Structure formats: C-alpha cells, structure tokens
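Chain lettering (A, B, C and D) follows the sequence in which the chains are written, and residue indices restart at 1 in each chain.
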Amino acid sequence: MAASEAKRVLLVIRHSPYGSSLARASIDLALAAAAFDQDVSLLFLGDGVLQLCPDQQADAVGSRNLGRLLASLPLYDITQVYVDADAVTRYRLDLAAAPVTAQALDRQAISQLMGSHDHLVGF
Amino acid sequence: MILHTLNASPSSAAFADCLRLISPGDALLLLGDGVYAALPGTPARLALDDSAVQLYVLHDDAAAAGILGRIDSAHLIDIQGFVELTERFSRQMAWY
Amino acid sequence: MLPPDAFDRDGFLRRLDDWTPDVARQIASAEGLALTEGHWEIIELLRNYYREFDSSPAMRPLVKYCALKLGSDKGRSIYLMSLFPGSPAKLGSKIAGLPKPDNCL
Amino acid sequence: MIYSLLVMSSPASGHCAMTAARFAQALVARGHSIKRVFFLDAGCCNGSATAVFPQDEDQRLEPWVTLAEQNGVELVLCIASALKHGMLDDSEARRYDRPAATVHPAFIVSGLGQLVEAVACADRLVTFGG
C-alpha cells in the first residue's frame, strides 16, 4: 500500500449496536484500517447513532460490548468521528456521555463530508 | 457527485436516510426492493423527483417485481448500465 | 497445571475463566518464556485493557495504552518486543488469558 | 480501472448477491480489472460448497467459481464472519476441531486487512448489501 496512493475512506454506519452483526463488522473494519495506517473516518448516521448510547450492558445478552470497543478508537488514532445531528436529536441522545467523542453534523455538512472522501463504505 | 444504490423498500429507514442526503446532481440506482420507490405517483417517487437526482432502475429487478410496465423506459438500465454509472461516478454509497 | 485439552491448537485458553497467574506461567513456559516483573506489569495492563474496552488490542493501541499507563519509556514497541518476541499483542494476550483476536489483523 | 467489490448480501435471501456476481462479470467484459471481491457478514455464505439451492433456481456458487477459475478474480471471505456462519476451509476446520470444511476451494478465508488493502488499491469500490 503505497503512501502516495493513500485513499480517504468514510465508513457510514447506519445500524444499531445489537440489532444485527453489521455494527460490529463496521467497527472491526475501522480498527483494521487503522492498524494498517489507513486514513479512515466514521460517520454514525440514522440508527447508527444508537451505538453512542452510554451504559451499554451487552453481557446481559451475552454479547461483546460495542460501546466499550468504541472507547478504544482514540488508541487506534481514529479521531475523525462524526455523528448525524438530526438522529441525535430524534433519539434525545446525550453526546457528552457517549463512549467516544464525536462531532455532530447537520444534513449539509454530512453531504460535504461524503463528497470529501475517496471511498464510502455503507453499513 | 455520488452514485447512491438503494436495495430497500421505500418504507425503510435506508430510503429515508438516502433521500435526506442525496444532493442535486447525484445519481440513484434502485435495485432489489428499492425498485418500488420508482412507482409513479407514490410519495417516494414524488420525493425523488423533487430531489433532482438522476434516477435509474435495474431492469431485471423491476421485471421480477412486476412493475416494469409502470416505469418509463428512460430510467431502466441493465447490469452494463450499472457498470457505466460506476465509471461516471467515482464514489458509491450503498443503502440497504 | 491445566491439562493440554484446556488449550486450543494455537495455545489459547478454551475457557477464559480458567486463567490464573499459574496458568499464565504455564502458557509462557510453553512459549519458551520465563515471566519477570516486566512481563507481569504488561499482563496486568492487558487484562485491564480487556476490562476497559472488551477487546484484545492490536499492536498500535497496546503501545499507546502502555505509554498512557506506564509512561513513555515502556510505551514503545521495541520494549514490548523485548518482553514478548515476535508479535507482542498476540503473545501477550495469549499469556494474559484474553480471547484470541478474531479479526486476524 | 481497478475495482474492488464488497459483498455483504446473503446468497439465501434476496438476489443482491447474484447482482454482485453479474456486476463482476460485466466489469470483466468491459475490460476493467478486479483487485479483489471481499465477502463480509452474511456475504461470506456465498463461498459455501455445501449449500443446496432448488434445481430450478439460479445456482448461487457457480458464477463466483467461474470468475475465480476463468478470470483469475480473487475471492476472499472475512474470517471472523466466516467462522460465525460455519464457513470453514480445511485449516480452520482442523484448528477448531470441526468435522468438515464447508468453503469452496475457489475462495480464500482471510482477515479484514485484505479488505483494507483492496479498498486502498482500488479506483472504485462498489458495495452490495441487503
């Protein structure tokens, strides 16, 4: 992977943490990309913002805790984390309590974000 | 400019999110259950017409759904047309 | 000493609850390592990482986490390599009784 | 142009996975090159050597095998997804003491790094989901 060929990749994450296996797959891909020194950004869109709920207790359903996994993103140097402001409002989420720091974007800013990356991966 | 592909029915959250983020000049290819969003006169189709998106429908999926006769042939493309869209648009966003 | 069938073919514990410091010594010895104070410090750190993030770390986050918790002297890959040769994140996780990384980085 | 494909669609539900295979064939026919097709989540079931589909329906495995064998397209199943779906090649079946391999030999079972690299190398990434 030549550095000159570096592609900016945006993962668009639209699924809730425990409703399907897609949420976990998208975060695993983010961690893998970071481990290979790729420039990766995350956008939590629509129901995807539900991954930012604080106090997830996944052991109650025998799952890995996705909220706690998200808290490790800064250790992977993943700092470009964005969240859909409309969905945050719709679900009355408190971003200050979220497991990872995320920047809230309105509709127009999200369109610009999608246009500023080379590849989009929709989950 | 983005090529959006939608493989989910017009009642889905995927459709709502896609519609919200589509920009004028983007293209939208409907496939699978997404083809129902092309049905003329439906709220989904009216919203798509308002969004000024270039609308395409995968021919075989519309045929399977039984709605081929209700869709203007100008919007219908085959798999090669799908490939051509990805040549024209450097990014694709899959909604499903 | 745990019996051989307590471990999978790659030497990872089948049941994470089986882990004790003695089991760590047993796994390390199978890998040709005698555990020193320096090893134990990283093993404890790995177990804390797992408790905090519910995952086994890749190399980069492990190095950063070490720097954060133990200072910049130890938060370096060369230091971790000297303790756990080859693949420190994987070998350290195995000895610390963490789940086998399933993402195969 | 260089394409990479990401397939998350199951072969057993809907026909998006078959659309992906037809898309890959059309890419080859138009002279594009395919760096890799990566199968993630339910998409990894496309590599099943043991799934049986009704005789009067499309055979879901065959188009992929043709792409691999006749056009040299690399097909990679995500190992984490594959294990969860019971998709094991010979070495994984041995590693986890399972009675048989279930992955067709035209497919490789490997990690997400293969997807990361495929995305980094591609002019175009096309995702198939749902």
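Everything below uses one rule, namely that contacts are C-beta pairs under 8 Å (C-beta built on N, C-alpha and C of every residue); 3 or more make two chains touch, one makes a residue touch a chain.
Please read all numbers here as calculations on a predicted model, not as lab measurements.
Visitor: Just grab the chain with the largest centre-to-centre distance to chain C, centres being mean Cα coordinates.
Guide: Following the centroid criterion, the farthest chain would be B.
Visitor: More contacting C-beta pairs: C-D or B-D?
Guide: B-D
Visitor: Please tell me the distance, in whole Å, between the geometric centres of chain B and chain C computed from their C-alpha atoms.
Guide: Distance between chain centres, rounded to whole Å: 49 Å.
Visitor: Centre to centre, by mean C-alpha position, how many angstrom separate chain B and chain D?
Guide: That pair's centroid distance is 25 Å.
Visitor: Taking each chain's centre as its mean C-alpha position, how far apart are chain C and chain D in Å?
Guide: Taking the average C-alpha coordinate of chain C and of chain D, the gap between them is 33 Å.
Visitor: Roughly how far is chain A from chain C, going centre to centre by Cα mean, in whole Å?
Guide: 27
Visitor: Among the residues of chain D, pick out those that touch two or more other chains and give their numbers.
Guide: Chain D, residues with two or more chain partners: 8, 80, 111-113, 125, 127, 129.
Visitor: So which bits of chain B are touching at least two other chains?
Guide: 14, 90, 92, 94, 96
Visitor: I need the residues of chain C touching at least two other chains; which ones are they?
Guide: Touching at least two other chains: 103, 105.
Visitor: If I apply the definition of touch given earlier, which pairs of chains qualify?
Guide: A-B, A-C, A-D, B-D, C-D
Visitor: Of all residues in chain A, which touch chain D in the complex?
Guide: 1, 5-7, 9, 21-22, 25, 28-29, 32-33, 35-36, 38, 119-123
Visitor: Considering only the defined contacts, which chain C positions touch chain D in the complex?
Guide: Chain C residues touching chain D: 8-10, 102-105.
Visitor: Quick one: in the complex, what on chain D touches chain A?
Guide: So the residues of chain D in touch with chain A come to 6, 8, 40-42, 78, 80-81, 84, 111-113, 115-117, 119-122, 125, 127, 129.
Visitor: Give the list of chain D residues in touch with chain C in this complex.
Guide: 79-80, 83, 94-97, 110-113
Visitor: Chain B touches which residues of chain A in the complex?
Guide: 12, 14, 45-47, 86, 107, 110-111, 114-115, 117-120, 122
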